[in-house]
Structures are given as structure tokens and as C-alpha cells.
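Paired with subunit B in one complex and with subunit C in the other, subunit A is shared by the two complexes that follow.
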Partner chain A sequence: MYEEGLHNHIVKLLKAGVRLDGRKLLDYRKPIKVEYGVSKTAEGSARVHIENTDVMVGVKMEVGEPYPDMPDQGTIIVGAELTPLANPNFELGPPGIDAIELARVVDRGIRESKALDFKKLCIKKGEKVWLLLIDIIPINDDGNLIDASALAVLAALKDANFPKYDEKTEKIDYKEKTDKKVELTKEPIAVTVVKIGDSFIVDPTTEEEKVIDTRVTISTKKDGSLCAIQKGGDMPLTSDEIMQMVDIAIEKAKELREVL
Partner chain B sequence: MSKLLVENKDIAVPGEVLAEGMDNLPGPGTYRDGEKIRASGLGLVQIEGRAIKLINLSGKYIPKNGDTIIGKVEDITFSGWRIETNSAYSAMLSMKDATSDYIARGADLTQYYNLGDYVVCKIVNVTSQKLVDVSMKGPGLRGLKGGRVFSVNTHKVPRIIGKQGSMIGMIKNATDCRIIVGQNGWVWIDGEPDKELLAIKTIKKIEEESHLSGLTEQIKSFLEKETGKKIEEARGNYNGL
Partner chain C sequence: MVYKKRIDDRGFEETRKIEAKVGVIPRADGSAYFKIGDTWAYAAVYGPRNLYPRFLQNPKKGILRCNYNMMPFSGSGERVRPGGSRRSKEISLVTEKALIPVLNLDEYPNSVVDVFIEFPQTNAGSRCAGICAASMALADAGLEMKDLVAAISVGRVDDKLLVDLDYAEEAYEDVPVADIPVAVLPNSDKISLLQMDGEISKDELKKLLELAKKTCKDIYEIQKKALKAKYVKEKVE
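For the complex of A and B:
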């Protein structure tokens, strides 16, 4: 249900330079907390809290066949499950459009930044490669799931160790972790910049998410170069506005990078 | 041999045995389990003669006849509006209870109240099956334009309003905001951005510290500190509107 009254009220507040919860327009909620290794059974896991938003991510590793067009590369498979546990508006069943978007935006950030060298996930060219299954499970949704998930995925990948793999029997011993880490060469940080009325904000809460005009998720690397962009919402943007949003995202990514 | 196991103003948890034997009577919020009287929720015990009552401290709102609530239009039907009430039960606002205007057959009802609009209304009937009827006829009952709605614990609403509206009146005086507190725990507020945030902060503070005595004084000094001006206590009859 679109809430016109709430939209008008938020626009009024934003013009005065404050948000519903008293934050400034370009402030993230504080503190942002990252916990590593929250799951014993996953090869790598992490949990990120941005105040009440709470996302858990697990990385499982499997050995499988590579894609025919990339015989010497492993791959990542990102999935997200938006359960009613996190938000009563989410429904059970196959992933909806929001879950798919969330997973793909996060996937694109990792993939296009070349944060993982997929060639290093190869065990035997054309036959066996490592598949990294990354699952995003929001525990509580109080807005800005995309940024929290991207951060949690990065943290979980940092936490991940390969399990022991016996090449003769072709079996993985999940009970035994090796010292070998997943090599993460870059840290793509996703920042979602939201436009409501004429104002740009970051880190929207669920209430603000109900009335957004446009949102753009921008993943950037440490040197400020872009690796992925995703636009959502109904309203159009001018190229000037997009440039402004990119600048905001690069600036804010520095803040997020510090918590990892 | 009957035995009372609690004192007045004790806090009881669900299932806690409040009394044994048949000399005491289970009041609202309690139930009889054989020889025992148990608490059905989390609350404060109140002993009135032989009856043991429990004043709930948590839980969702349950619609009660005569309550003034803030509702949200969730559906428009042929004969009126369906109103969300922040409880397990939605309410019906029929055309004749909504306005005294003449509404032609087949007229567009959204010109009165549209989907997502908030209204202040009064519960006029609750059936045993919890079918709720609300009305817009009465002083202060109207549709709400602008502002925002946030929710508080419905059991803390009396403390937020205060004796004859003393608490909420004080917040209004201090912040110059328009505030309406619905019995269902929804609060509507409209004012200057920074004042509005102060009012919300104050209400949340009351909600958290509602069990303390001398709360009005505390809130008064809190508001005086935040606004930097002397605040007069509100007087007069005020019912949360």
C-alpha cells in the first residue's frame, strides 16, 4: 500500500535536514556490528547488524563441474531467502522478485569487482572446480537489506576456510577445515543511495523504504572505482543526479570499509 | 485452607500461581485451574477484596467498546471502510457512521477516506466474535492529514496520557506539536521537525519508565532541560485527543 501521507511528511522533514529517527540525511545507523564465524557447519559465516537490521550469511563449498565456457574457473552462487521471520510482509515459498534482486546485486558486486579469482577455485581443468554457495538469510529487516547483505557476504568470505578434499576418493570432509583461506583480493562495498522528493539519503529504514522514489545501489572498490550499479524504484534520474549518488556512495563506502 | 501467594502490585508472569484454595475469585487477566488461581499474562497484581485482578503490562491491543483509537483504512467496501486497528481484529466504518453528507449510490468513497489514510475513530460496538464497529461521529473524531503515526505499547497509553491528560498536555505545551494518542497504541504527531523528534523521544521515555513513581516530575525536568524553557503543567479535562 502506497502511503502518500508518510511520503509528504518525510519530504517535509528531509527539507529541514532530518529523518524520521532524527538522523542526518547521509548518516548510517550506528553502530554497525560484524560478527565472524557465527555458524559451525558453514565453511564461512558472518552476521551484520545495522541497528535493528540483522543479516546472517553462510558460505558452503562444494566440488562440481565447471561451466563449459569457463572450464578452468570455479564460481559463486548467491541465494537470498526473505522469510516472514524477518518481516511479516515477506512470504514463504519460492524466492520473489525482491529476494532475487537482493541476491543478484550482491553477486554482481563480488563478481564484477573480481574480488575472487575464480581460476584459483579450479581443481582440475574442465572436470572439477570449487563452487561457493553463499546464502543470505535476513534475521530482521529494518530496512537497507542490500547494504547489510553485501557487507555480510564479504565478511563471510573473509571468514571462509576450504574443507579437506580428498582427490582420490573425490570426497569432501566437511568436519575438517584446512588452513587454506578464500583469497579475497578486493572489497566491493555496496551503498544504496535513495532519493525521496529532491533529497538523497542512505541507509533507509523500513518506513522510509515504503515511500522511496528511486534507489541506486552502487558497489565500489577501495580506490573508488565502480564495479556494479543497480537501480530500483519508479522515478527517473538525471545524469547529474546519478553522478551525485555515485559520489555519496564512494564517500560512504569508506565508512563501511572500516567495520570489516 | 486458602492461601494468597501474592501481594498487591506484585509482578506476575503467565501461569504463575496467585492463590490457592476456593476463598479467592479470579478476576480479569487470571483464571482458575482447579484449586489454584493463575495469571494469564505478564502483569501487576491487584487485590480487591476476594477478587484478584491482573493489570496487563504486555500484549496486543484488544478492541473495547468506547475506546478512541487511531485506525488506518485498509480496504473500501460497498458499504463503508475497513479499518486496521493495530490488533488482531479489523473494524468496520459504515457510511452512515462516517459522515453526515448524502452519499449517492455508487459514489466514489475514496473522496472521504482513501486507502492508507489514518482516522481517529471511536469503537461503538464489539460483538462476542470480536466484530468491531467504529464511528466518526463525536468531538475530535476526524481523518488525519499530514503528520506521522508511530506505535507504543498499548498498556502504557494511560501513562502517556496521564491524569486528565496532564502528561500529554505537558508534552504538547513544551513542543507545540499536535499529538493524538489512540487507545490502541498508535500515536499521531505533527509539528516542527526537531520538536516532533523531541516529543517522540519523550513519549518513548515515558513508555520505558512508566513503572516509576514521580514520572510526571521527571518528564517535566527532562522537557525543561531539552527545550530550555519553563514548562507549566497542563490542567483541564483532556482525553488524549
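For the complex of A and C:
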């Protein structure tokens, strides 16, 4: 009942060009804050605030065996945990489908943009490669976790230094960080465009997320080319609508790029 | 330009050979298989049926539950570990989202429509083949539907725009590649599944969406023909 009423109310507001919190349709909440190095134990970490949405990301590094079909490449492994800490609707236990989707959408943005050269994570071909284990933990969920998480992951990677690795003893000394940084050649920015009624908005709050018809997350690089897309939500879209959403994402990514 | 000719000699806008059939699992309320090249999807529909545990029930409408699963021997590389992975869970989710728009779930309060999708063998394009099979199986189950759902992956290898990428094309090295699975509701031309990974420009995406819609119209004809074939045959007997 509540959600139906809320949907009608929000649709009416959006038609008049206003949001529940007074924002315009295509405005992000401001300011977007990025903190680097928020966890001393992580090899790299960052925390992104989009007003009340607060996401922490840490990168741990391990040395492991490469996949047999990619013997000279390291890799990234992105996980997300939606704990009841951040939202009372989240539950304890193994990652549910929302957490899995979040992690995979963010993973794809980084992987497919080729932001990282996985070959540079190789220590010894076929035997030893670096694995970058990236974990996304929302601290407070007030909507738009995907965009906030993608931004935080990028920031955490920029923050990361490799720990000291002794090739003879094959041990990592986590206490000693080297000067070696993770080389990021590109910076993919994820923008989620949401459709409610006939209106497109960005950066939804949790209240707006309750009544979403469709969302499309689009990751773009600096030159405006696209590197990952994920559609969510129950309603289908026309290709014209999709192209409009792509335009919005390219435009908004420019803004987000500046906060890093 | 490196990619002048497709590995298997197909035209750039040509799909692999498609074969579709409904009613292939007699025990199920509805079933179908959909083969495209070496990718082979089976779908079985059970329901609408009572949903347990009861706290999952929705008194206002039924729910659709899809499960995508690769048989352990169906991957081109190592054995696929049974029991589901993060990948299969995500694909199950997007499959549900692709199919929901054509169903009238308001008709089945407190109930569930279960769709099980299994693959005996795959060579890329499995989520699209699974969606094609599932939508036929839903129709075969006699559920009220607003449309069928047809799905195909489009994409690019180097500067060529392609339809129905196979595994070798998806994994093509040293040139830009993009893979875009798309599901279309053929009667309204609306898109209910859209994912992409790879590298692509806005203009290319626009062209590929049109290409996907065109191809899905052809797939739609194959799906309809398969559905009709079941009943035409039964009439003769």
C-alpha cells in the first residue's frame, strides 16, 4: 500500500521536475566526498560518501596461482557484503543476490575497461601471480550503492601499494608496503540511470529505490566510450530510451570523474 | 582491421543454426529446448503452483523464479562445479527480469511459476538461448502472456559488428571486443535484458540494438513455428 502511494507521489513530483529531497532530476547529491587510506591493514582503501550513502572499500593482495587459461595474468576478485549495519533490510549470512549483482557489476566495469593490465600482476608465468581481493562494505545505505561502490573501488585501487614479497621464501610481509602502486591506465565511472514513471533520474535515495521501474548502470571511460552495461528492474525499455540513458551517463560521469 | 571473415564462415549478421522444439519434457507443465549452434538450452516450467515456505507468498501477485544451471560437463574448459555460482545466480536474476514483462503474475496470488533452465552443452550465448527456451516453455505451459521473449547476443570484434558471437569471438585477443546480450519483446520492440561487457562507442551500441531487434524478429518466427508444430501434429494423430 505504502509503496503504491509513494510511487504515485514520486511520479507526480518528477513530472513537475522535483525530487523528494528538492533536487533536480539529474542532480547527484552534493558534495561527493572521497577519503583515501581509511584502513591501515588494507593494502589500499577508500571511503565514498554521497551525502548519507557511505561505502568503504578495501583491497587486500595475495599471491596465488593463475588460472590455467591465463598463465601470465593476475586478476581481481570483487566481493560485496550488504550487512545489517548499513540497512535494516539487509540480512546476515552469505551474500544474497543483491550483493552478488553489485559486486559483479562493479567488477565488470574495472575488468572490461582494461583499467588494470592483468599481465603486470604476473610474478612468475604459470606459477605465481598477484590477486587483488577487493571488498565493498556499505556503512550506511541511503541509495545508489552501485555508483558509490564503483567510485570507491577505483579510489581504493589508486590508494593501494603492493606489500613486500620475498620470492625466495614465497612469503608476503604485510607489515612492509613497497612504493609499487597499482597502475590504473583508465578510470571507468559507473552511472546508474533510473526510470520512474516517464522520468529519468540519477543517484536515487533508498526511498526512491523502493519505487524504481527500471535502472541501467552504464560504465564509461574518459573518452566517452562504454565499457559495461547492466539493466535491472522489472520494466522493459525502448532502444531510444536506452540511448537517452547512455547520454545521461556519459554527461554525469564527467562530474564524478572530478571528485577522484 | 584484422577480423575480415568470421571463424566459422558465417555472415556478420547471421546467427548460427537454430533449432527449437516445445513439449520435450512431458512431466513438466511446459517445456522447450532451444539450440543455437553448439549452445543447447532446455527449459521446464512448473506452475503456477503453491509457494512454500509460506512467508514467501505474496497475496497480491505470483512470483516468477528462474534457475539457470550449466550441467557439470557443459563448459568448454574445466568441469563446472555443481550447485550454482555467483555467475549462475546473476544470470538467473536477469533471466527473471527478461521474462517478467510478458507475464500476468497478478493472476496467480500466493503462487510461484518456476522455470528451470539447464544446458547439456554450451558455446557462448547461453543466457540468451535459455531465455528463448524459457519463454517458449511458459507459452507451452498455457500461461497468459502478452508476448514471447526472443534473445540474442550482438557485439563487435575489431571494427566489425556481429550477431550471435561464439566463444572464440568473445575471447578474441588483441582487438577490441564487446558482447551484448539483448532480449526483445518482438511485438512492442521493447528490451527486457541488456548487459554489455567490452569496449564500444555510443553509435555502435545504437546500431547493435537495431540489429538485435531485427534478429529477434526472426527468432520470434522460429519460436512461434515450434509452438504451433506441437499442436498441428497432435491434431493429425
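As a working rule, the second predicted complex is superposed on the first by the 258 of 260 C-alpha atoms of A that agree within 3 Å, B and C clash if a C-alpha of one lies under 4 Å from a C-alpha of the other, contacts with A are read in each partner's own complex, and residues count from 1 in each chain.
In the analysis below, a contact is a pair of C-beta atoms (placed from the backbone, for glycine too) under 8 Å apart; a residue touches a chain by one contact, two chains touch by 3 or more.
Computed from a prediction, not measured in an experiment: that's the story for all the values here.
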On subunit A, do subunit B and subunit C fit together or clash when superposed? fit
Look at A:Glu112 in the shared chain and tell me whether it touches subunit B only, subunit C only, both, or neither; answer first, second, both or neither. second
Touched partner set for A:Val259, first subunit B, second subunit C, both or neither: neither
With both complexes superposed on chain A, which partner does A:Leu26 reach: first (subunit B), second (subunit C), both or neither? neither
Go through the superposed model and pick first if A:Ala16 touches only subunit B, second if only subunit C, both, or neither. first
Which angle, in steps of 10°, is spanned at subunit A by subunit B and subunit C when each chain is reduced to its C-alpha centre? 100
Check whether A:Leu6 is in contact with subunit B, with subunit C, with both or with neither, and answer first, second, both or neither. first
More residues of subunit A are touched by which partner: subunit B or subunit C? C
If you stack the two complexes on chain A, which partner ends up touching A:Leu184: first (subunit B), second (subunit C), both, or neither? neither
Minimum C-alpha separation between subunit B and subunit C after superposing on chain A, in Å: 9
Starting from the residues of subunit A touching subunit B, keep only those that also touch subunit C in the other complex, and list them. none
Provide the residue numbers of subunit B that touch subunit A in the complex, in ascending order. 74, 115-118, 144-148, 190, 192-194, 196-197, 201
The answer for subunit A against subunit C in the complex is residues 68-69, 95, 97, 100-101, 103-104, 108, 111-114, 216, 224-239, 242-243, 246-247, 250
Within the complex, which stretch of subunit C touches subunit A? 77-78, 86-87, 89-90, 93-94, 97, 100-101, 180, 185, 188-202, 205-206, 209-210, 213
Residues of subunit A touching subunit B in their complex? 1-6, 8-9, 12-13, 16-18, 20, 22
